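So, here's a batch of structures to check.
Here subunit A shows up in two complexes: once beside subunit B, once beside subunit C.
This part shows the complex of A and B:
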């Protein structure tokens, strides 16, 4: 089993654990690592009508493989450097102020500064799913083409201040909201030392998994292999095996597990619609874990109809199965189509974004668009 | 806390109660609200109204910001210390899905359509002059010291998606719940309770912003 925070340390793992440190199981770590390492291709070009005189048109496009968990304001320095240093004519570049720069997709949708890059990408994928396209290939990952405008941001449609500070505040706000949704209070987040809170954003800025999760593991619920009913032994690890439960009140416990939250922080993005957010308790009414299927049928039953019951058994068919249900739509989380039996609590523990939120993007299947 | 259904019900009862009341100091804050639904998705309804404020020239450095446009659009060519520019505001009461309580969102524009900066917003008659006390301002938020969330910051309207300023609901909720304890409830009448909840909420909101413009 792997543990957090020790991959770069050479002293004994036990010495690193405070009461609030957790031993996170391999499975959860794997998915968190995959989420963290996820990237999407961006292709950025300046609106040709705004390209300053004497720009080097051979270099009109900036390509970047951006981390899903990052934000456009954090990518601005490298984007700015490319265009100012390499593309724009030197004398012209001096007069260009980048505080009025803003982005649009090639289809004319405004790009939000405070959305994580992965969400911007997936939201674009689902918007595109509405348009019939003969050349769209679902097998290839296509770059998200963005148009960079250099002036006159539409202030009535885009939040002001795309500064990294504004971005950090929005990010911290999302983390606190996620904390509130899970537990009804923000005390896990506010209980972190200021240095640790800042460390979360530093982890994003530097794109450092260990730095980010060193702090995040204190506030993010784990999906330990044990489940709701029976208290089972915690995941084994060298430092925990000899410690009796009473000596470690902060150790991995059911109390703080992903299946014990009040609600999972999740938002639903429709292809051309608003963002839907509602309470999502981890367990369904029948006390089984709430699945993606439950969640989607509850909120968008026309796109995710409830499976009809199986017909009664007959002489010719002793174990009839329910008839297959047409699937007009699919759900993406972190860019991956999710199976309908995925448990919401599991998503909350393993596939949430760095801001604590699970973003479910709904796309329309091509034969229906 | 209210469920979304309770919020919807409370808003509709509220509109009904005040839509025909004559204008008065007491009811100005409570009149003029309309209910809006999302065109295709249920459960995203909110209250809205349009109202006007004035910019308030305090003579302080608030106006010395880098927003060069401001001086040009100062239409009242009056003595410097009196500034009566009319500002247009769209106000919304939306349901906060995270905190499960109402939340106040707004936009405010100069008469030429330009958005206000945060300094201009704070200097308008929407807020009282003590709004800046014990608080730190950036270009994107106003935060009271030692609070978890900024008091005033930017966010997308949950139904329309348009960027707005909003007041963080946490403090309003705590005050509302305290006050509700003091008020005798007709326990078995949920409609009465919901209307009262929202009235108290508006009252608390009215202590932070000027709703009776």
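This part shows the complex of A and C:
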């Protein structure tokens, strides 16, 4: 039973393969679990100008620790229950149409229905990084304060209805777009049975990690153990595209691995600024894995200038480091500041959102007195 | 700690001059600028969707996809709420706030962005 010559493992002996594969799977699963379990605090209050008469003002605020991978339309039932049942006066509540409700941040930024909660939060964090802070401590996690409006939603800017169905459509669209970015087609997504496709959204609705990943693992690449040696798949390998990854007896095939994708689905968010999306191949021009540093220098060099080379070694310093560069900005993924040597393919496999996308949010380092 | 001289200081410890933040803000201004660049969008009818006389259009790349949908509806003479579904490369519907620039960079073929349109939901 020779194990050499398969694409799954090039140099690891058969005896070690399953251990290493399990360790890699554990590593990937760990980060996916951490991402899934990530939550952010939301503090919701009705615009005081719109608070109906006779509302209980002692209960004006609804606090929720919301999953990063969830969506506001999915939180609406509990938000609605709180305000309708506890805050608003009964007779007034009857006439309130909750399909006209919409959210703004306390700073007046419109909140989009189709953005995952974690992205809404991180986008707010980086926007706040532009403003001078009084007592900002990076150890404190402050709730995102949202203003709930009860009428006149700016539909031309919201672009989507608040219904869970519209949200599901948008979610499925993002998964397919991510699939296309990775492989140049959506065959993996459309190859799923309808029941499975619906299962992805059900997993989000119920916030069930196992239900979601039971399906998602069929379409999301993992970081394979011997990635650096893996050959790139031939461009016309139709058989690779048509064969479902779950048909592989030992685990995900390396050809479907995170380092073999055409491009990683990633978007770059600048504070109060544009969203940048482009093709991001997993390997850089020198055939080393593309890092976050490469990616940021490529797209926003004014904020992430290329590091200067190290000075040549001398007798007194055999391993000189390059001089430190001032870092005016930092990059957040899932709310965590990412080291510059993080590999983009790894982010795609381990730290993407439930919609398949890696959202990199750029914040500006604060001045200090 | 013999290598302390080589170790970079974390950003909060380095002597930030006020200029560092100014430079960052200026950099953001540069990245916020919307140039008037246009890209070619090619509309392709699917199924029974009406065919247009002209299929290639130059569209300002900073536009959101929502603007492309509205443009298409106008060109087709659609009023009100008749349903029109749009897809990129016969594969997926983008988020309406994705910009044409981003979609072009990610999905262009032969230097144009293919937008398929149909009256019924084709690819979900």
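By our rule, the second predicted complex is superposed on the first by the 314 of 369 C-alpha atoms of A that agree within 3 Å, B and C clash if a C-alpha of one lies under 4 Å from a C-alpha of the other, contacts with A are read in each partner's own complex, and residues count from 1 in each chain.
In this text, contacts are C-beta pairs under 8 Å (C-beta built on N, C-alpha and C of every residue); 3 or more make two chains touch, one makes a residue touch a chain.
Please read all numbers here as calculations on a predicted model, not as lab measurements.
*Asks:* If subunit A is used to align the two complexes, do subunit B and subunit C fit next to each other or clash?
*Replies:* The answer is clash.
*Asks:* Does the superposition put A:321 against subunit B (first), subunit C (second), both, or neither?
*Replies:* After superposition on chain A, A:321 lies in contact with subunit C alone.
*Asks:* Looking at A:181, would you say it contacts subunit B, subunit C, both, or neither? Reply first, second, both or neither.
*Replies:* Both subunit B and subunit C are touched by A:181.
*Asks:* Scan A:364 for contacts with subunit B and subunit C and give back first, second, both or neither.
*Replies:* Only subunit C; A:364 stays clear of subunit B.
*Asks:* With both complexes overlaid on chain A, does A:281 touch subunit B (first), subunit C (second), both or neither?
*Replies:* Neither partner.
*Asks:* So which one touches more of the residues on subunit A, subunit B or subunit C?
*Replies:* Between subunit B and subunit C, C touches the greater number of residues in subunit A.
*Asks:* Looking at A:329 after the superposition, I want to know if it touches subunit B, subunit C, both of them or none. Which is it: first, second, both, neither?
*Replies:* second
*Asks:* Name the contact category of A:155: first (subunit B only), second (subunit C only), both, or neither.
*Replies:* first
*Asks:* State whether A:308 touches subunit B only (first), subunit C only (second), both chains, or neither.
*Replies:* Neither partner.
*Asks:* When the two structures are overlaid on chain A, which partner does A:165 contact: first (subunit B), second (subunit C), both, or neither?
*Replies:* After superposition on chain A, A:165 lies in contact with subunit B alone.
*Asks:* Considering only the touch criterion stated at the top, classify A:173 as touching first (subunit B), second (subunit C), both, or neither.
*Replies:* So A:173 meets both subunit B and subunit C here.
*Asks:* Of the stretches 40-48, 58-66, 76-84 or 184-192, which one in subunit B hits subunit C?
*Replies:* With the two structures superposed, the offending stretch of subunit B is 40-48.
*Asks:* Under the contact rule defined above, give the subunit A residues that sit at the interface with subunit B and also at the interface with subunit C.
*Replies:* 112, 159-160, 169, 173, 176-177, 180-181, 186, 190, 270, 273-279
*Asks:* Mind pulling up the subunit C residues that touch subunit A in the complex?
*Replies:* Where subunit C meets subunit A, its residues are 6-9, 11-12, 14, 16, 18, 20-21, 23-28, 30-32, 66, 88-89, 91-99, 102-103, 105-107, 123-124.
*Asks:* For subunit A, which residues count as touching subunit B in their complex?
*Replies:* 112, 155-161, 163, 165-166, 169, 173, 176-177, 180-181, 186, 189-190, 270, 273-279
*Asks:* Under the stated contact criterion, what part of subunit B meets subunit A in this complex?
*Replies:* Subunit B reaches subunit A through residues 4, 38, 40-41, 43-44, 97-100, 107, 114-115, 117, 138-141, 148-150, 153-156, 158-163.
*Asks:* Report the residues of subunit A in contact with subunit C in the complex, numbered from low to high.
*Replies:* Residues 112, 114, 130, 159-160, 169-170, 172-174, 176-177, 179-181, 185-186, 190, 263, 267, 270-279, 300, 302-303, 317, 320-321, 324, 326-330, 364-368.
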